[in-house]
Each structure stands twice: as structure tokens, then as C-alpha cells.
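Residue numbering begins at 1 within each chain, and the chains themselves are lettered A, B, C, D, E and F in the order written.
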Amino acid sequence: MLKKKSTDEIKDGDDIDDIFIARARGESIILLDSGTKTIECLSDHFPPNIKAGAVVHVIGRAISTGGRMKILCNSIEPVDHFSLDGLLKPQKKDLSTMREELFNAINSVKDEEIKALLTEIFNSEERFFVYPGSLEIHHAWKGGLIQHTLEVLNYALLAGGMYGLDRDLLVAGSLLHDIGKVLELDNGIRISREGQLLGHITLGVIYVSNRCLNMRIKEEKRDKILHIIASHHGKLEYGSPREPMFPEAFAVYHADELSAKLSRISEFVGAHKEDDFVYSVRDKRSIYTR
Amino acid sequence: MLKKKSTDEIKDGDDIDDIFIARARGESIILLDSGTKTIECLSDHFPPNIKAGAVVHVIGRAISTGGRMKILCNSIEPVDHFSLDGLLKPQKKDLSTMREELFNAINSVKDEEIKALLTEIFNSEERFFVYPGSLEIHHAWKGGLIQHTLEVLNYALLAGGMYGLDRDLLVAGSLLHDIGKVLELDNGIRISREGQLLGHITLGVIYVSNRCLNMRIKEEKRDKILHIIASHHGKLEYGSPREPMFPEAFAVYHADELSAKLSRISEFVGAHKEDDFVYSVRDKRSIYTR
Amino acid sequence: MLKKKSTDEIKDGDDIDDIFIARARGESIILLDSGTKTIECLSDHFPPNIKAGAVVHVIGRAISTGGRMKILCNSIEPVDHFSLDGLLKPQKKDLSTMREELFNAINSVKDEEIKALLTEIFNSEERFFVYPGSLEIHHAWKGGLIQHTLEVLNYALLAGGMYGLDRDLLVAGSLLHDIGKVLELDNGIRISREGQLLGHITLGVIYVSNRCLNMRIKEEKRDKILHIIASHHGKLEYGSPREPMFPEAFAVYHADELSAKLSRISEFVGAHKEDDFVYSVRDKRSIYTR
Amino acid sequence: MLKKKSTDEIKDGDDIDDIFIARARGESIILLDSGTKTIECLSDHFPPNIKAGAVVHVIGRAISTGGRMKILCNSIEPVDHFSLDGLLKPQKKDLSTMREELFNAINSVKDEEIKALLTEIFNSEERFFVYPGSLEIHHAWKGGLIQHTLEVLNYALLAGGMYGLDRDLLVAGSLLHDIGKVLELDNGIRISREGQLLGHITLGVIYVSNRCLNMRIKEEKRDKILHIIASHHGKLEYGSPREPMFPEAFAVYHADELSAKLSRISEFVGAHKEDDFVYSVRDKRSIYTR
Amino acid sequence: MLKKKSTDEIKDGDDIDDIFIARARGESIILLDSGTKTIECLSDHFPPNIKAGAVVHVIGRAISTGGRMKILCNSIEPVDHFSLDGLLKPQKKDLSTMREELFNAINSVKDEEIKALLTEIFNSEERFFVYPGSLEIHHAWKGGLIQHTLEVLNYALLAGGMYGLDRDLLVAGSLLHDIGKVLELDNGIRISREGQLLGHITLGVIYVSNRCLNMRIKEEKRDKILHIIASHHGKLEYGSPREPMFPEAFAVYHADELSAKLSRISEFVGAHKEDDFVYSVRDKRSIYTR
Amino acid sequence: MLKKKSTDEIKDGDDIDDIFIARARGESIILLDSGTKTIECLSDHFPPNIKAGAVVHVIGRAISTGGRMKILCNSIEPVDHFSLDGLLKPQKKDLSTMREELFNAINSVKDEEIKALLTEIFNSEERFFVYPGSLEIHHAWKGGLIQHTLEVLNYALLAGGMYGLDRDLLVAGSLLHDIGKVLELDNGIRISREGQLLGHITLGVIYVSNRCLNMRIKEEKRDKILHIIASHHGKLEYGSPREPMFPEAFAVYHADELSAKLSRISEFVGAHKEDDFVYSVRDKRSIYTR
């Protein structure tokens, strides 16, 4: 199914026959799409198979009460086939330009094994080019994953140039650090079961480890790439099972921090102009929005 | 080479021509074996290829100064082929009895996929049956890994019986939780490169993931087993990339804690009788040794 | 007074004349009993002597609004005499079987002083055999305290057998570790004043200390038992004024963890089947409920 | 035995026949007394009954090597009867003046039960008037315990006057907050077994609880006094099993902090004039000593 | 404008034409004044220039719904000129008495430079004598800042007398430790932009640093005073860029803690008599209110 | 005085008549210069005015014992006038090139007030162009402060370009974030008194605040620049009194982290080739050095 109208466009009295992402909350269901608003969906009873993150087909009518839009729901059903357009926020940079930039980086790699590994992976992994960087925290839009990845790459290469780091390893580590997200983010809109149980760091390590095995990548090279993936959250308490142990791993970790935090805080400032200082629950501090 | 005399048996004036484990410390090299003492090795210069954890062949003479034994070293060389006997502390339980107990547990598994997976792994992994549980922290002796594993199994099964948990999953999770140590503990006496860079949790996840792929284990089953391995340290800050998310994972985590801590503290009490209370640096408290 | 109908059985329009446990929340009062639901109690004004945890006699009428049951209250008064049946969730194991198991353990103790101490305490402390393990966190049902205590005992004895620990001390420490809860949990349904101000660990230490004084238990024995009670939360930040300092204290701490955590997580999984993953506020993570 | 010469007065070549406090460290024994220096005691072998904190009779000869004084020991034996003079640093305030100040405070109490409790305890507890406040951390001298207690009392009463707190409760809480130290500090020079296993907070709670029972102090009063003792370290991670829950408990906690920290830092500044800034390991920062 | 009627005095049906402090919350605006209640202000739309902390002129009508008072708002506008009376809670001690006590302390200073500095600052800083100690946390009433400051002074001087500290430095540090609050608390009722971006510690350091520069205070003296201001929260994680490094800084830190915590907890106890134990979110524990 | 021979060049038997940096350690004094080694200085007594960080003139003789070089000292005296050459490690990038790069950045600023502020500061602050970035932790060489500053600038500008940040503010924040180090690092070789008592963050805030006052920079601009300085350590526990509150502050914080950590870890790897993995105390982990 194709998305018709975003939550921002729905008006009082509109007939609704559209798809949304469901987020279960207590006794009603919250509906999301690429719009900035969420809409509460009211019904006498919901079918039991509406799980958080499911894409659902809703038939009903919009009503506005107390300044908030709601949908009186006649029917709600999970949908198996759908397009991300209209469900995810749209990309911020051109997708094909970013794809080209990524393959240019791969082609600049001198180590033949690494170049082959990257080529093999990114030629066969279309999800990487459309998925968001995360569901909510940063780069939460179509193409956000590759955009974030290229930001990390650029920071890491700038750092690598200053400190004489191994450029090929930096390219591999930057491009692959979040590859596990293609498994973690089911369809780009919900956390998959393996995403919940293992997380994108461990999924990425398994993913790349398998490819290395198949392509017979030399062990030390493989261990260093896997270490960069495993350590890219920088600290155990942020979910990395290992903390960075060589310069290229430090570079990717800090580049990832810079990219993720700046994306998040910029989005927050853009979305909050109601006061000079607005409290951000996620950052546990007030943010200056002027 | 075979070990001749332990550090506890060396006497002042003895001629030394034996193998030890080297642990690099500053300008001298510390030598270890299955004895309770460590011996400092003195030399005008050491060859550059003596790395921490290497097994070395030392020729020299023992001298006692200030109540401590040292070795004046004429020659020290890395050794490639050696037996763990005499280097590791000896097993505390009979190795073949423990092996039998482990296979009995495997044979009690009802789920055919899980039984096949465990049979395949433990039939092909001889290191598991001789390696220590860790280099220093707990079960640091020959056969310590399987002994620890069986302790975890017994606690987990007792817990599982009380709470109606999935017995097959508990057996799989208990037996495989530390399987990554066969890759982490190079020869059972030093941390391997991949052990340093990835750690036994991640190595175990990769190891079991590969076997599951080869044997086409069903995905949900695989994800649950991998989650138990990934979460068995219980908290992010202890190096688990995921915290336990279902009862069987909680059971293995706490069973592992109970086994590891009790092994460590019992060893400490056994080794320290010099006073009623002895400070344990690792536990950051005094231990009552009476 | 005796409980009539649980919150799960109340229907729209029912006349209510029954007892409940009150939990004060803002401007209405929440009512609980052995049912899984809580019911909000509405009134123009409440008498000032309705405190959190009080058992109250409510007269009124049930109404259902927005899918939730509420009680329009005509009268609400504290009740002094009541039975726990119908207020607490029912026991999960037979009370007299558990009592027998506990006395069997006491009778297996070889040290005459310890056996006498345990016999004296448990023969005179009927609250121990009916109280819950806690109000909400784990084993929150009638007989939960003894059930939890026996679980701890079984884990500790299994551990003690593996490591040659002092069996009599393990029995004493396991059976007495939570004895302070008979003072902390006023009537098994609210925290008493001394429970709030001192907590069950300190209350248990005072309780056992007094009994030891009266029975002239030898000092070292007494100090070790009191230490097990004092240290059984394992870490200062969990409220233990001392951390475990000998093997039997480690065993009881970890056995307590295993029993408490497994009870809690199993209850959570049993109560939450609305989605594959449900967020647990107490555990600060999603729990896999399939 | 009586102490003859302090470690500060011993000179190269002196014959030694004196008592010291032993502190075991590795293969030699460190000797302490009221002097500011510690002296290493060397011997071919020490009797096995020399435990840390024991008072020992040493016969030997002093030698100075590398700017440090050591004792070549001919004989070292534990001593049972000795005076604290010369072993502990001397008092900083007159002992009888402090005793008088304490009883004046007791006599100013209006509540007859509390006055009787305090009179009974302090009339029968001579250790309180000579013991140090702690072995090393603060008020580590003869009479330090009562000096610290009176400082806490004065801060708490000043605070109580500003905020209209319960004066009698403040006197009781201040005077009794560290009473457990008479049990924790064996002879004022070592930590006793019960001190190690239970700590002065729990020992103080037991001590005062017993006295209250014997004197039939009303329960609420008793619970508040016990809570002040239990919570006076202010935070769980500092060893208090409960955190302050009413104003008088907050007052005693912060008064204790002020007294203890100021004593410690003043001693440190007084003892370290070797540079403008000297690193304090205990405070994890440099201290300005000018 | 002058305040007419506090939120505690407003009754159902009252016509409202008064000033309040606005606190933005979601889609309505919360109004505060010196009363203990807050009132929700309802309107179809609010002008965009109503920011949190602004003083606003509201015209409307009070209605009581569900036991809570609200205002149906016809007009709401920011106000530039107003008196703090009726907006802030009233002083607890006489303002001119406190002013006199402060100048007496200044006049008791022996060091001429310090006396001149304090005289100059407090003669020219009228805000200090009327501002609250903080917006909510402690001493949140008119004159609260000077009241808190004098409490700190008294504790610090009592401590200084016991330990022979530098009295002049203690007076300066105590009186100036919170001087930055005159810049942080815009009009005493909201956090200013520089207060948000820099905080009162850094603002106080800049403020006093400038005065010292102008008055050519000797550098070491200035550095010590600035250090007391900078370190008076005691720990980095509480917002102090430096931790106390000499006794006078420790004294002011702990005196500040004692004053602030005792003010807060006394207010809490005074305001909560609805149950014996009331949970305090700020303290993360139940408080005993009897 | 001028430095003659580095610690790396001193040989057994050399006569020493040279300057060093003293670092006091216990009973000997450690000497440092631009060499990679430290040398212990032995003497019967040292003059009392040798403080940690002082530059000292040493006359004596070098002896090699146990593989370590020491100096038997005949005379050691503090020196007031000296050149940093030979005491600090030499610059890694050309000083005048870096100066030019810095002024180019200043000249690219569009905001006239900010350009004037930066021009004024850097035209009058020669220390900035020669001081190290820190004494030990990162960029610990001549010119390290400007090198680090330019690295931060480059990262921040790359980030700013991606996210449309305020370029002028980024230049000002990057160039000034560590300006307080010219006051903290006395002569570039020791921490000054004000550095110890206030730290470079607070010193930088005071420094820039004064300049802004003199040049009448607009208040909001000034507050934002001061906030970037105050928050550039990112977290309270790292010594920032404020955490970043707008995107440019986040950018400078993360750019600073990236620059500092990468400098430190690259130096560590370069200095440690003795084993594949070398434990770094500062990083609390092993570092892979291959």
C-alpha cells in the first residue's frame, strides 16, 4: 500500500483510509508517519495482532478534540507490503549522490582484500541505502544510515590525515560500523527480534565476520575491522563489549559521537522554538534554541 | 618440552633448565608455572621476542635474596611446542568424569536441533575440555572451563526446575556461555589477539552463530542462545553488549556469577591464612579467612 | 472482615461493600487486593486517616468508564481486624509442605547451638510462614517469604556442596537472611514505621542479635550469622552496610539474587503477553515475553 | 607494658626494647606508635601469631639505611596488657573537660527517657572517653571519639536552633551516632572481628537497641534514634543501610561530614609542608598547604 | 503592577485581573505566585511571547473542576514592571536584621583588602538582599539568599573556631559563595540567559574576579576566594569545576550543604502532612513527616 | 640557562652540569627534560625550595645501576631564567605555519566584533603560540596548544559545514576554548597556583570575559562564547561547570575529544612497541600497538 496523507495534513472530519506505523500505548494505539505529529487511534477493541512498530491499514474518521487530532477507527489491520515513502521522514540529501560518494570511498581503498570486502557487501545490501540511522535518536529519516555513515567517514578521514592513521582501515571501519542496523531495524521502522536480543553492534560483528570468512580475509585485518565495529560506542556502559584499543578505533568512535550528537541536537533545536530554553529529556538539560 | 620442577620446588643454588610462562614486568621478566610462587628472572638483556604470556625455555641458576627466589638467566627463548602439565595448576575434578557429565546433559536434551548443535560443537572442540576457566580470576586451572560450565549448568537447572523454564534452552545456554574462551585463551595460558580485540563473549557469539548457520538452526532458537551468550555478564559495564531479557538468560547470568565468585573467594581464603582478615585487591574489601 | 470479590471480578454497576488495601495517589485513592487490577476510588472527600497501605472498608458502586473500572465511594473507613486471604495473592506452594521442608533443614543442622537458635526462632515466629517475600518486587504473595527462603537455601546448599562450605552456617544464613521482613512488612501488606526507618536488613540483625544474646550463642558464630544477614544485598549501594567477606556470605548473596530476580522476571513474563517485547520500568530494558 | 620512646625519637644504633603496634605488610612488619614515622621491622622469621593491629614487644637494634630507620629484630611477641599512652597520638583537648561538656549536654535534655538512656550509656562506657575517632581517617588520637562527637553535637545544635528541630533528639543522635566505635575499635588500635564483619554503624544500632529494650524506651523514639545512627553516613554507598529521612537525621549526617572532613584535611595540611600543593590519595586531589 | 490575591485565595467564579509568574507546560500555561497552589490557565490561543518565568497580566475567570481551580483566560500579556511582593513567598526573617548581621560580619574582618572588597560589593548590590536562595530547591522565598548566606557563615565560623582556620577568608568565602545568584536569578523569579548558559558558580567567579581586578586585591588572596566560590558545590558532578583544596573551602562546602539540605527537608516536612511517610522525588526516598 | 644534553643522551659516568624540570617524588627527585626518559637524582639532602615543576640547575655525575641511569647530585638549585628548548619536547608542526593558519581563520570571520576580539587576544598573547597542549596527557610538546587548537577548529568547521552551524561562533569557540591554559601552565612546564585552584576552564572564562567587557562585546554573543569555553569538557564530572546547550558547543566539545584522545593514543602507540598489547593506566585498558 502507498501512504496518502501525513499526520500533519489530516483535518477535522477527514475520512481516513491510509497506512501508518503503530506504536502501542496503553489502551489506545498511537499512529505515526512522516509527519511531525502523532495521532491517537480510538476503537472499542483492537485486533490482538497489532504490535508496536507494525505498519497498519486504518479506516476511520478524524476528529479534533481539545486541540488534538484523533481517529475514530472502524478497522485496523496489519499490512505486509508497503513503501517506506510517507512513513519515514524524507531524505535530507540525495540518495544517489550519497551512494556515489560511498563507492568513491571504496574505490579509493588500496588494500585489495578490504576493497573487495566492501564492494561485495555494499553491492549486495540495498537496505543500507534507504534505512534511517535510527528510529528516533539521530538521522531518523530515509537515507539517514548512509548519511550518518558518510559523516563518520569524513570526520575519520580528516583525523586520519592529521595523525597518519591507516586510511584503508578507517574507510572499512567507518563504512561498516553501523552495518548491523540493516538487521536491527526491521524494514527501517521497528526493532527486529534479533535487533532486540543482540543489538546492531553484535549483529554487525556477525555479519562482517561471515563475509570475511567467505572471502578468506586475513585474520589480523578481520580482527581489527571487527574490533572497530565492536568498540564504536566507546564505553562498555554504552553497549560496546570492547573499548577502543588502537587509534583507528578511537577515531571512528569519536567521529560517530560527533555525527550522532550533532544530528540529534540540530533536530531538537529546529523542532523547538517555543521558548529560548527548552528542556531535552534525552540530554537531561535545557537546550538553547536561539 | 615438558615442565620439570615447579616454582614452589626450586631451591637456592639450583641449576635451572626448564619452561615457564613469561609475564613481562618492567625491566625483569616474571616467570610462572603451576606453582603458587612467581619468580623474577634477571638478565643483562632479554631477546625482544619474549612477550607476555609466551612459554619460554630458561637456562640459569636460582639464587635466594631477601627471602625471595630469583633466577640469574643465561638464556631465555620462546618455545612453540609444550604440554600444559606443570604450567597450569592441575585439575580439581577428574577430566573424563566431567566430560561424561557434559555429554549426559547433552543427551538429556529433547529438542533435536539443539542436541545436534551441542553434540557437533563439543565433539569437535577438544580445547574446551582442558582449558582453564580464566587466566587468574576464577577456575584458573586445567579443566577449569568445563568445571565452571558444569557448575553453571547445575545452578541453572535447579533454578529452571523451580520456575518451569525451558530446560533445553538452559542446557544450551549454560554449556555454550563461555565457549568463546577456547578462542580467547590462546593455549590456555595467554589472551590471544582476537581475545584482546573482541573478548570471549563476542567470540562465542560468532562461533555459535557460524555453527547455527551451517546446521540451519531455526532463527528464533539461535537468537535466544546467542542472547544468553551475549548477556551472560549481566550488565553492560561488565562487558555484555546486551542485558538479560528473558528468564533463561537471567538464570545463566546469576548462575555464572555464583560459580565464578565462589570459586574466586574460596581460592582466596585457601591461599591466605596469614591473618584473620586479609585485604583482597580484586574484591576491594578484607576477606575473613577463618 | 473477610474479603468478598477481587478487583478482577467486579463488574459495572456492582454494589461494593468490601475490604481493600488503599494506596494513596494524589486526589483519588487506589484500591488493591489479590486481583491483578487496581481500582480507582472516587469521593468528594476522604477521611484524613486513610494512609497508604491501610486496609479499608469501602461502600459504594462500581462504574466502568473508558474501559476502566472505578468505584463511586459512599463510605471508606480503616479496618483493624481482617484476614490476609483475598488481600494478598494466594500462595504458589503448599504452606504446610514448605514449613515441613524448613524444619527438616533445621533438623539436619549438626551444630547444637545453631540448631537450637533456629528452632527457637521459627517455632515462635508465625508471621514468617504467611508473609509475602516483598510487597511488589518478588514473591509478592502469601507464603512468598518462606518460598523465597527455601529457594535461597537450596541454591546455597548446592553451592556449598560444590565448594565444601560450612553447611550449618549456610542453613542458618539462608533461613535467617530475610527474617527482618516479619518486622518490616506490617501485616504483610504495608511497610511499618520501623521498616521505613531501618529496613529489613537492620531489623533482621537486631532480631537475631537479641535471640543470640538470650541464648548465649558463641560470639564468632553470632558475628558470622549477623554478617550474612547484613551483607546479603551484596553491595553497599543496594543497602547492605557490609559486603560479603567469606564464602558462605557470598553464597547466600548470590542465591538471594538468583531467587529474587528469577521470581520477578518470571512474574513479569507471565503478566505481559500483549507484545513480543514489553518494556519493564524496573529492569530498565525490554523483556522478551515469548 | 609502657611505651618508652616514639618512632620519631629512635636513632641509628639505639637498642630497642619497647612496644609498638604491628601492621603486617608483605615480608616485613611495620611498627607504629604515637610518632609520625613508621619503622620497618626485619627478621629472619616472625612468629605466626603477629597479626595486623597487635601490640607487640620488640627487642632489637635500630639501623638507618638510605635515610630510613629500620629495626633488626631479635625477638617480637604479642603483648596483652599495655597502656594506650605512647601508642596513640595524644589528645588535642583535655579529656575531663570534654567529659564534662558531654554530661552537661545530657543534663540539658528535657525528655526524661532520653536523658536516662544517655546517662546510663555514658556512665557505663569508659572506652568512649579515650578511644580515637578512627584509626587513620579523622580524629585519630586519644580522645578523638569524644572530641568528634562534641563537634557533631555543636554543629547539630546550631542547625537545630535555626530550623526549630527536636533538640533532645539531636543530642541523642549526635552523642550516639558513633557509639558503635567502642566495639569496632578493639582497644582503640585495631579493628575487632565484629568491627570487620559488621561495622560501627550496625554495632551501634545493636548496642543502642539493646539498651532501649532494657530501659523500655518508647518505640517511636527508639526508631528515630536508631535511624539517625543507621543513616549518619548519608548515602548507601558510604555504608549507611538507610539514608536520612527526617530533619534531625540530615543535621547529624552533615554535621558528621563537616567534623570528619575538616579534621582530616587540617591534619593533612599540618603534616605536609614540603610543597605548595601536595597530592592526597584519600581525597584524590592536590591540597593547597599554604 | 501589584499582586492582588494569591492562588490560595482564588475561589470558583472569581473574576481575575492580576499578575502571576508563568510556567509553560504543554498546551496550557501554569500560573504561580506566593501561594502554595499552581493554577492552570486555559485559552484558545496564547500570544507567542509568553515564556517560562515571565511575569504576566491575566484577565479571566476562575472555575473549579474536579477539585482543581483553573482560569478561563480572556487576555494574557507579559509585564515589565512589577513588585516581587505577592509573587515570591514572603521572607522568613526580618530583612533589615539580616542586612545588619551581614555588615557586622564584614566589619569584623581584620584584613583591610578583604573588608574593602566585601564592603564595596554589598554596598552596591541591592539584589542580594531581596532575592530568594533559589527558585525551588531551598530558601525559595524573598530574602532567602541572604538568609542562606548567613547560615553558611555561622556554620563556617563555628567550624573555623574549632580548627583555627583563617577567619577573614571564611567570612569572604561564605558571603560571596552564592553572589553569582544575583545574575543567575533574573528578577528573582526566573533563570536568566547567562544563568542558563554559565550558572551561578561561574557567574560569581567572574563577578568577584572583576571586583578584585578593579580593587587590585592581591593575587593569592583573590585566587583563594575564587576557589571557594568555584568549589562550593564540593564535587565535579554537582557542577563545581574544582573540588575543595584547602580547609576553608571544605568548611564553606559542607556549611552550604548543611544549610541547603536542612532548608529543603524542613520545607518538605512542613508541606506534607498527608501521611506518615511521603515520597520525595528530589531526595529519591520517603520522608518521615511526623 | 640553556639545556645541553637530554636524558636520552646521558651516559654512565657523564659529568652533569645542566638544567632539568624537577618532579618531587618521595625521598629522591625525578628529573625530566625533552627526552623520553626520567632520571632519578640522589643526594644526601636537597634544599627545601625545590618544588615540583621547578626548573633546576643540577651539578653531579651520572651512574648506571640495574639498567637505570641516576645522577649523584653535588648541587641542585632552582633557576629563574631559562629557555623552553630542550626542556619541552620539540614542536611537531612548524610554529609560524600554525600561527599563519590561525590568523587566516580569524580573518575569515564575518562578525566584526568577534574578529576584533580574536585579533586583540591573539595579537597580545605570545604564550599561546609556544605552550604545550598539556603537561602530559595530550599534545605535550612545544606548540602543542596551537596545534591542538587548530585540530579542534578543523573538526568543528567540517561539522559546522554539514549542519549549517554559525561559523563565526565556531571559530571563536574553537580558538578560545583552551585559552585559559596560558594561565594554567606556568611557563608551559608546571601548573600555576591559579591553575591548581581554578583550572583552565574557569581561567579561560575569566580571561575572555574581561576582554569582552573591555571591548564591549554584545552580551548574548559573549555568553555563547563563554558557554563554549565552560562546557568544552562536555560533562560535569570531567570538570565542565556546564554541559553543552547548543550545537556549536556540542561541536567544539566533540572536536576537542577527538583531537585530545587521538593525540594521546597515537603517542602511546608510538612509545610502546615492546609487546603487541601494552596496558595503558590512563585508558584502563590494553592498547594494540601493531
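Keep this in mind: contacts are C-beta pairs under 8 Å (C-beta built on N, C-alpha and C of every residue); 3 or more make two chains touch, one makes a residue touch a chain.
Keep in mind it's a predicted model, so treat the numbers as computed, not measured.
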Sorted by label, the chains bordering both subunit D and subunit F are B, E
Proportion of interface numbers common to subunit B and subunit C (over half same, under half different)
same
If you line up contacts by residue number, which pair in B-C, A-B or D-F shares over half of them with C-E? Let me know.
D-F
Could you give the separation in Å between the centres of subunit D and subunit E, each centre being the mean of its C-alpha atoms?
39
Between subunit A and subunit D, what's the gap in Å when you average each chain's C-alpha atoms?
58
Measure off the straight-line distance from the CA centroid of subunit B to the CA centroid of subunit E, and report it in whole Å.
58
Subunit F residues touching 2+ other chains are 193, 196-197, 220, 224, 227, 245, 277, 286, 288
Chain-to-chain touches, reported pairwise for every pair that qualifies:
A-B, A-C, A-E, A-F, B-C, B-D, B-F, C-D, C-E, D-E, D-F, E-F
Residues of subunit C defined as touching subunit D within the complex
193-194, 196-199, 201-202, 205-206, 209-210, 213, 219-220, 223-224, 226-227, 230, 236-242, 245
If you look only at subunit C, which of its residues touch subunit E in the complex?
24, 27, 48, 51-52, 191, 193, 196-197
Contact set on subunit E toward subunit D in their complex:
151, 154-155, 158-159, 162-165, 220, 224, 227, 243-247, 250-251, 254-255, 257-258, 261-263, 265-266, 269, 277, 283, 285-290
Which of the residues in subunit A end up touching subunit E in this complex?
66-67, 274-277, 286, 288
